[in-house]
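Note sheet for the following structure.
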Amino acid sequence: MTISPAAPLLQVRDAVVEYTRTDRPAVRALAGVSFQVAEGEMVGVVGESGCGKSTLARAMTGLAPLASGEILFAGRPVEPLRRRRRPARLLPLQMIFQDPYASLNPRRRISAQLADVIRATGKGAPGHRPIGDLLERVGLPAAAADRYPHEFSGGQRQRIAIARALATQPSLIVADEPVSALDASAQAQVATLLRKIAREDGVTLVLISHDLAVVGALCDRVVVMYLGEIVEDGPTERVWHAPRHPYTQSLLRAVPVPDGTGRKPMALAGEVPDPGRPPSGCRFHPRCPLAMDPCREEAPSHGDVDGGGSVACWAVHSPEARANAIRA
Amino acid sequence: MTVVGHRKDQASALAPAWWRRPFPRYVRRRLGSSALILLGVTLVAFLLTTVVPANPETANLGQRALSDPETVRRFREHYGLDRPLPLQYLTYLGNLLRGDFGQSQQTLRPVSQDLLQFAPATLELVLSATLVALLVGVLCGVAAARRRGGWFDRITRLASLTGVSLPIFWIALVASVVFFRGLRLLPGSGRLDPALVKPPQVTGFLTVDSLLAGDWHAFGSAVSHLVLPSAVLAVSVVGMVLRFTRTAVLEALGTDFVKAARAKGLRERDVLWGYAVRFAFGPLVTATTLSFGFLLAATVYVEQQFSWGGIGQYAYRSSTNLDLSAVMGVSIVIALIFVLINLAADLLYALFDPRIRLR
Amino acid sequence: DQQPAAAPGGDTLVVDTAFNAKSLDPARMFQPTDFYAESALYDTLLKFKGNDLKAPVPNLAESYEVSDDATAYTFRLREDAVFSDGSPVTAADVVFSYNRLKNVKASPAFLMDGLTVTAQDDHTVVIKAERAVPELPSLLTAPNFGVVNADQVKAQGATDAEGADKSDTAERYLNTASAGSGPYVLEGYSNTSQIALTANPKYWGTKPAWQRVVIRNVTAPQQQLLNVEGGESQIALDLSGRQAQGVDRSAFTVTSDQAPEVLYLAASRAKTSATADPEVLAAIRAGIDYQGLLQVAGPGTVQAAGLVPQTFVGALAPTEAPKYDPELAKELVARSGVTAPKITLDYASDYHRLAGLDYATIAQRIQSDLKKIGIEVTLNPAPTATSLQRYVDGQTELALWSYPPDFTDPANLVAFGPGGFLAKRVHWSEKDAPEAAKLTESALAAKGDARAAAYQAWQRVLNDGGPFLPLLVPTTVTLSSARVTDVARNPITGIDLGAVGKKQS
Amino acid sequence: MTTPSPAHDLLTVTGLSVKLRTASGPATVVDDVSLAVAPGRILGIAGESGSGKTMTGMTLVGLPPAGATVTGSIRLDGRELTTLSEPGWAAVRGGQIAMVFQDPSSSLHPMLTMGRQLTDHMRRHLGLSRKAATTRSAELLDLVRLPDPKGALRLYPHQFSGGMRQRVAIAVALAAEPRVLIADEPTTALDVTVQAGIINLLDELRHDTGMSILLVTHDLGVISALADEIAVFYGGRIVESGTAAQVLGGARHPYTRGLLEALPRLSTETRRDGRGFVPIPGVPPTPGSLPAGCAFHPRCAHAAPACQESRPELLPLAEPPAWHRLACHVDPWRP
Amino acid sequence: MTRTLTDTDAAVARRPRLPIRGRAAEFVAVAVLLAWLVVIVAAPLLAPHDPLAQDAAPLSGPSAQYWFGTDAAGRDVFSRVLYGARLSVPLGLVLVAATAVVGTVVGLLAGFFGGWVDEVLMRVADVVFAFPVIILAMAVAASLGPSLTNAVLASVLVWWPAYARTVRSVVLGLRESEFVLANRLAGVGSVRSMFVDLLPSVAGPVLVLGMLDVGAAILLLSGLSFLGLGARPPEPEWGAQVSESLQYFDQWWLAVFPGLAIVTVVLAFNIIGDALRDRLDPKLRQAGEHA
């Protein structure tokens, strides 16, 4: 794949995704999200349940049509997947789903499922790998091809799903909570595998997870979402050690650390609001310890911060507001 | 909020608030789709009667009159059979809206009057059969679920499978020979001892009407006439009710909330009836709806055997005699009952299962 | 009046029959069940006593005179007869009723074809005919000639004037109340479930023994039997001879009467049908095992010698009936112009009315018989409506039917003659059989004792090559419980309900 | 931290085993487990999926799966529970020992109001009138920090968010004033932000009510935040137990160590050189086909021949504090 | 066991085996069905008489010569009952198969295309579902003549919605299921994914529904024949035989034997269908019917 090094591999521009519901206002699961992924990067997306992480993943791969905005892959738009076959140029953009039990057809052998994908990608394509190789690449014996999904554990199934993605020779894999459904040891195994693939095969990875630790341990960059919006974006180290958005701060403080000291995590007040009726202004303000008048009235826009990345917060970007906040 | 949303809100702002609440909204939506189904049914009924090649006059004129073209022409004119089809349909629909189903060539009465007379007879029969089936089915189903795999479970399984495997026309015959002719236990035809005078029609249910009239004699007779046919009908659906109950209760017994209820220290009886059976409500409503629909069709056999004089016999008679207005009327009424039952089931479902209301 | 008339089984006579009912309006009705009820509600000028069909006896008419050429009849009405509202029955009522029958132009209107009726005085009625009508006394016993209370029904929209087919609106009323002078009055009418009658308190004749009569629709004959056995009803009308066999004769009365109608096969003379070949037709006639058919039909049934049933004037002697001769039949088939004939036999699958006879069984028997002589028969059962339409439209090849008489006289059957409306269904016109056509004419015209011979001659010609093959005359069986006496059954009007007695227990 | 003496313990479990009949033959899913909790203290039970944590919890409320054989002893305040009849258990359940389930959405009946689910057993166990029970329910909901407790009584489970539902489930468990609360993965289905709230709630409750809590979870972070003592399960057995500091700070069993190593670590260095996540190789065993000897030996980097032969006993480590216990033949991290 | 890429096409999903272990009723049911199968195949060899021959004395009771007695036309009831299996059982199967095919096709189309196609098809299904069977059968019998073929036709006309709804709901679920999405993302065409992923998933539910319906189908067809809307005399159809018996009830053998024949066949099918449902999906039937 040849793209100019300057252009990012994936660009999300002001993406909006809505789900319509009968009898109730539509949910804006993505309320104008913009970010980019450069080739070879490993980007993590974190946020609470329902904040739109999966929707973002689906939008990026074309499974969720955009209400507005655009998403470009390798410089060209990602068309939503309709009844037509997916265009070949989008095949390098793959996705891995959360539920390893649902992502394989329980009624077909592994070999049949992989063969379908290989055939679709084009058997003669350069660099194409036979099924056995694919399975070995993800740490399974080639003989596994003859078996049915129910004969595998969750971690193994997730590996098979990764093998299926690899069959298309992907350049970007969007992984939506790939390890959340797995046991601690399986989690580590699959996460390690993903990182290995990303490093060794040069696959760009967007990893979505509600588990901050997983993202922190794997990704170079972190994107923090809240209620359909990105509130903070930056290199993992900066976000971890100097989180600027009050939400990111709360999120980090809520993670319990297994050090045996008995230290209690800090709770974040309030509940995630109904995305169908988001709060005015900054969407986080009802739960924000630093909330002040401008927050209630106008949504903050993203501004760069020291140490890399950007944050959308009035308390960060308006000095006088900040002063007020501190005084209060 | 989008523009579309605004417009919609303004439009419905005229309606009272409760009308816009989720449940009434749900009711409205379901009512709308039911009406659509009924419209479809009228069309199908109408089309059917037009594809039937035989002429209604054959069934309705004497052999000699049939050979007289003038008599035949007058007959066709009188029943509007000489007009173009779409016009006939539109006229028919218009009349329907006014409650006019046309005149039966068989009974020479307005079809609506016939239906009013026969439909309650059938409903009484089907309802009592459903009640019997529900009572027996639920009790046995719960008992079978409690001792899954036990002897009672195995016996009821076989019994309920046997129940659905019996041809109704055959057990009706057998039951009538055994209980009526053989044992002389129960009356075998009609709805009331013919020597008794019918109580004045209020609901059309003889059991209810006789009670309203305070006529115990007639009540006893009506009930005893009801026993055999409704038992025959119940036999064929009690198995379904039982199996649905059993499956649902079993499913409920495996859920976390039943475990949680047990862990709360509730008595097993309370867990069973308060939690597990409660959860089976949805499937039970489904089973009731299904069996009601089934029974509505099955009454044709039973009414014939027991000379019940309900809508099943009317349907059979009018369709064999090509009494077109009656055929259309009876199709529509059967469909109406069916649709209403389904509607009631859905609403009950929504009322009892709070999760559905907001869907 | 909401109280039960009496304890169950007390004063109510319950009669079970499979309903074939439409209307109780004498000018409109033509269905058997209605006839049964009608004859208890409305009196006719003459009637048959019990099941004796040879000569009518006086009823509303005390006596009558007939002109020599049988075209003019003068009836003298009895003076004590009153309607159920107490008003006297007059000649005007008779004239009104008959003219209404003619002008309402419903199915039975043909009964008045060629007749004019006038009132000579209050109690004398004169009927004039265009042609000789020797059958008129029989004809007048038909329930359609029931006399209605003219004043009462006029108030309910009845009219006897020209155009009554449009302007007469009394039918609905006549289905809720009766307006006659018979032993009973109508209590309630449903032509699908039951007809209830109560004794007419003003009846001019002998008061009926039963206070109330309920005629119930019980479709299955077997159910009727159960009901009588179980004491739910007292009389069952539709049993076959076979069904009545098992009945305990000490507790129940079984009476049999020969049916007034003949079961016949109608063979099409249309060119496309194999039956148009005279040899094939003759082969069918000889190829049916009549004795076997009788066995299937059950006890009491006899072979029909001709189209006129035994109970009518002019029936052929049983010895003249067609004979079963399979060898001859095979030979005829071989000789015929048709190789391996294939014929469709139409019959009404839901038609059990005729004395419990099952058309399906008969049809299957015929199919099996004809197969033996090399004719392949395909059965085509259909509901009466469909089947009858095919017959009327002349589409059937072979059809199994009977003709329910409108009145008990052979004159009713001349429609079987070439060119008659029944013969047209099998494409048989006067041209095809001039000799038979002539005999039809002379039979109709014959008077007095000559009638029998004329009708017999007519039938012999029909039996010899005509398209109608008479098969059977079944027996109607009446089952009654021991509590009931004097059950006499007229083939048309059914049980004379007014005459049924009650045994006091 | 004091060493609890048996006299202090509220709930004592000794040699508890649960045997099930499965499709593939009999399986011992809980094997010779001994535990003790003192009033007001939290015992954490950790271990991978299928290690028998839930089974232990369910057995402690007298609800093992149908057909299970339970041996050993369960004593509540000195009273033996294993010998109780079903009605006897029913009195203990809810009233003495209560349970909170993992999934708050499925452990509440979807068609019954919160009020009904809160009060029905309260009335039975505490003999309260309907009115008193309702008042108390509202208090309970207030205790678990539910906004508008009175209104909540009329609502159905689906009208709450996951976190609120779990609070309600906890309130239901607390309703009849139990002395022991068994919390089976009470936060697993929840977001971290919500989880933090529940952790704090449980901690306050045990302080306020003096209730003992058996906290079952696979999340070592949650255990670390709450538990006073920890028991680590593997293949139905306890492989290591001790205070939170002992087990998490100075883990001695290779499995405990493995679990800790497998946790993702938030650090740039480990990410760069790929040490962030060190998986335990292999997959957890299934009960019924446990490896001979130490059940962990096929996955253990330190396995010695002895590990394949005999099952190590859970023994107190030689040095004080005496109740850090370990079941390992090798004990590679012996100081 | 090594497999090469080339023969993956032949890798057909393994059907769940029919487990009949340890359940007496199911054993007996299978045995009964096998016995009837033998009857169907070998009726001419097994039947002592020609089922159409009217050689015997009508309405004579069971005897050494006529085991089940004779009917009104003098035919051997035993032979007629045996031959009746040749009509009822295959036609019941044909009816269910045809219904399943029609319903599956409609359900697939509705589920796959969604939108107005779905809307129209499902509204039609609603209407058809609400329409009384008997009347439709009557109309078909009246317009095309009563025959078993037409009875099957009429039944298919009203029965397909049950299958269409089940299939549609499976398809709707599958269309959004992760494995279908994953395959489509990997470039597998939607038609192929429909056949490869959807059909096998639909086959299970349809099979179960079908097995459960065979009994009902046999009952429906015999019921229509009983009403004179199906079998045409002299066909020895069971329902028609019971209907013929209505005329004569002292002759109990006329009704009892054909009735028992129906009951045994239908019960056997129902037991097997029920067992299959238990194994494959205990909740399937409800899900399918309460759409």
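Order of writing sets the labels: A, B, C, D and E. Residues in every chain begin at 1.
In this section, a contact is a pair of C-beta atoms (placed from the backbone, for glycine too) under 8 Å apart; a residue touches a chain by one contact, two chains touch by 3 or more.
Keep in mind that this is a model prediction, so the values were computed, not measured.
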item	value
Identity of the most central chain, Cα criterion	B
Which of B-D and B-C has more C-beta pairs touching across its chains	B-C
Chain A-chain E separation of Cα centroids, rounded to whole Å	50
Centre distance in Å when chain D and chain E are each reduced to the mean of their C-alpha atoms	52
Whole-Å gap between the CA centroids of chain C and chain D	91
Per-residue multi-chain contacts in chain B, two or more chains	53-54, 177, 181, 320, 322, 358
Multi-partner residues of chain A (each touching 2 or more other chains)	none
Residues of chain D whose C-beta touches two or more other chains	none
Residue numbers on chain E that touch chain B, as the complex places them	25, 123-124, 126-128, 130-136, 138-139, 142-143, 215-216, 219, 222-223, 226-227, 239, 242-243, 245-246, 249, 252, 255, 259, 262-263, 266-267, 270-271, 274, 282-283, 286, 289-290
Footprint of chain D on chain B - complex, ascending	255-257, 259-268, 270, 274-275, 278-279, 281, 352-355, 358
Chain A contact footprint on chain E (complex, rising order)	1-3, 5, 8-9, 11, 13-14, 112-113, 177-190, 192, 196-197, 200-201, 204
Residue ranges of chain D touching chain B (in the complex, touch as defined)	58, 61, 63, 86-87, 89-95, 98-99, 101, 103, 106-112, 120-121, 124-125, 156, 158-159, 169, 172-173, 175-176
Partner chain A, residues of chain D touching it in the complex	48-49, 161-164, 191-197, 199-200, 203, 218-228, 243-249, 258-260, 262-268, 270-271, 274, 276-280, 283-284
